[in-house]
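Scroll down for the structure; my scribbles are underneath it.
To keep things simple, chains are lettered A, B, C and D as they appear, and every chain counts its residues starting from 1.
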């Protein structure tokens, strides 16, 4: 995955100007409720930031008042969607702890300190025709952007989404029309009754690639569920790993994931990893 | 001044019910600019809090997001004015450091954690007819409430106000009509050109009592300016001392003022002191 | 957990080896220096509901305290340099035991001195007083006989104080450790061996700030003690290490601001906790902690606090003793 | 201040007693462990503008580091337990001196070991390398020969390491003190006498948190190092005390997040400062500090940084040495 590393992005696609800094200030222009208690935050940012952005990459956002030092660290958030024409980033934020609660309380006009884009991306192979996307809860964020990309490339997309109960599901209207959208709920209140990963087995032979984003437990379930149906490492599975981060730039080594290549920083050599490379 | 101490207020005047707690939550219902960069914050609070409140007393306000611990300590704010009918406290806040900046950014609907009323009060003696009030900058807050009280009692009130420049002056409309309002600016842009304390000398013989609120340096100037005109300790001078506070209840001894009676906690035996009792 | 009705048992005896016992209705104690003499918060919270409270530090003679400023806020914390302003042991005895006799909440006296004899003298005077539930020995004081080296930094000096106080009174003795010691576990073991009924920790860490406008130290006393949430990770670590090493009850404190913080100390090995700075910023906190702990224990089927004391300790707890050293951590 | 045009002089030599010198264009240094190997922030800030940067701690052998989680946010601070993940001194030498040779900013190597010989071995290897401006000795490591007792807690052990490293290289030597020492001034004096060209402080304080849901320590390593604004008052105090006691330049760090914080350390007695955690949360900070300091000095008529180094020290600075002890502060 070295081609997806950070270094390659220091020049903005389409221009020859090097990006001097990935630290910038954005302005909140909208905040809309979605998926129960979550919200989609729209942030106006410099055009160059949005340009060429791909799914999987994330931004480190300062989640506190400028004058306060608590909570201290930035929080990483995947890009949920972009509006390239207006230079706008959309994030999907579920209020969980102190940082996300603060972020969920922003109002239009508020300013946000962002650092990014950071990390690597999900990679759709040049020969792929059928792609399976699997989202667990708020992990849906990069999957929506990936669905947009895949549809843009004319691929067949099946999108599996799991949530605890109905309100946690992504509304189908958020996805491109051509996507096949299948849902599962833990309590059976809509769609399949059980884990979304149970549904994956049926698509293994069909899919050229599988992409997933959700909690680590989902990846383990997924590996078990699809294992018997895979032929060797086909189809490949790309997953986004969640780690607490400090720097986001490979400097602190606080966010490592143990892979067959050693302890690697998930903020630069991830967050997207090949499922089979990770040592669980 | 022992009669003005905290213990005496544990029963709300007019009721026999003891106040169970002076810790409560208020709701911001308005925030209006005043005196340049300052603001008047209107906060709806339980009726019992406002009942019988007198000038000089203050509230300790938490100036941070609920989930953050920075800035940690509450800030003391004098009551600027009350609306007894609606159960409303008005505070005058000048953005200075981290706490006041946070407070100045509140919007209607925001909730505030308050502790109070705390401290003692300015005391108008039963025989006083003429009272001189002197305010320096944001120290005007308790003086406005005291002017309301004095006018309510039918006294003659002269109100001297000093500020660096014109915008820092209290608009005359904030004071009852019957108050004689005299201003001074350091740069002479309005009123007397110089320190407000220079004006005080003229009123020493007239005044039965002097009340002041401002920076400590103002009290020292005042002492010097009125000294030659006083007869013994007449008129008495009551001043409000500014101290950084932690508890506000006499428990930490962090806010002491050195007086002829020793090191006393300015949050309970103050903030109002007899000028002549303080050891400078 | 069965279906029968039960309420969790929050009581704790902080001096199980002492015939006089130190029984608390619950493990929430107001910390020394942050609760005056138990009277100051009477109009704000129901003091009687506390597990106990500890008085401001008392010294052999009256003290006027340090010059101002005495407190300074710091990021998620505060510095204080009160300088032990107090009426002295005799002034204290004239006033407070009488007042405390009217209260049912256990009152603990915190004592500070600069010689072993002075500690013992104060303990002897307190021994005769009614309404005193125990003594907390503050060893974070300079030992005059040792050129001002802090008692609490040295296991032997801390043990000397403990022994001398123990000889002067039968009251339950809590020794309050200083976080300035290079090996707080060694101090804890020494005071346990010297007869401490319980160990409390941590006292504040020495810090200072500079007023860059005036180009001089902010506090009148130059340095002060750092407390509040900022120091909590250090306090939890020390409680975890000390609790693994001693058998007497441990009382944890340092930056407790919420139930999760209390649970951290308890799971680290504390049988009770103290709240200091948290009371200033949130006076209702101690009482809320009691209510929330009761609710939490009920929800989690924890019938007695004991069941979770030290829950985060490894099975072979004592092995941990040098973990903080061997894994260093401070040069990660 | 006269009316003529002038620009303030921010340069500083951190090794005035060493013929090789350690000249910095300005006093702002990126701290060890917070700036990788000087490459990671290249796309975010202009690294060449820094006064210097310090590498991640290098050890004799490659290390994979601790198990996850390795970082945990705390109130106004963070814990880290990276476990010195690094390619080892030989792996380091193969890769980085080459890269650094293309940069003009002074690059300092931070070294950690568990024996005196290993420290000396690393220093000898570094001595031959180009593009290395100096060595920062991290003494916050367990000494295997002394049962894991931390080098930095003991003046003699710290001096031994300093002497051994000094014998192995002529490179400028900075010794980075551990705040865990009971008397950080004694350690500073010992390493100065042993040949340190400069002293940096503070490293992190050992802390931990507990995950109360899982009832176990949060960090994979149990304990970690506390850094960030939370510890700044402790760091400023130690710099103030050490600067009063030694003649070599002092480099201050611990929670610097803004110009006022930098000024605090400088007025306490630091000739230069390091920024660690602050870079994570605000990458533009180091460069902004340089610009704001230049602006501040111009506005206040300070032509050379020297003029304000130690400005908050009392006239008879050395007298202060035991002030932190005598006035205790931690039991106010």
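Please note the rule applied: a contact is a pair of C-beta atoms (placed from the backbone, for glycine too) under 8 Å apart; a residue touches a chain by one contact, two chains touch by 3 or more.
Bear in mind that the values here come from a model prediction, so they are computed numbers and not experimental data.
Using the contact threshold fixed earlier, the set of chains in contact with both subunit A and subunit C is B, D.
Distance between subunit C and subunit D, defined via averaged C-alpha coordinates, is recorded as 33 Å. If you average the CA atoms of subunit B and of subunit C, the two centres end up 37 Å from each other. Distance between chain centres (mean CA atoms), subunit B to subunit D: 46 Å. For subunit B, residues that reach two or more other chains under the stated contact definition are 69-71.
Across the assembly, subunit D contributes residues 33, 70, 74-77, 80, 82, 228-229 that each touch 2 or more other chains. Under the stated contact rule, the graph of chain-to-chain touches is complete, every pair of chains being in contact.
Those residues of subunit D whose C-beta lies close enough to touch subunit B in the complex are 75-76, 229.
Put simply, subunit C touches subunit B in their complex at residues 33-36, 40-46, 56, 64-65, 68-78, 80, 82, 85, 228-229, 257, 277, 279-284.
Residue ranges on subunit A touching subunit D, taken from their complex, read 6, 9-10, 19, 21-23, 62, 69-74, 113, 115, 243-256, 258, 262-263. Interface of subunit A with subunit B (complex): residues 64-65, 67-71, 98, 101-102. Those residues of subunit B whose C-beta lies close enough to touch subunit D in the complex are 69-70.
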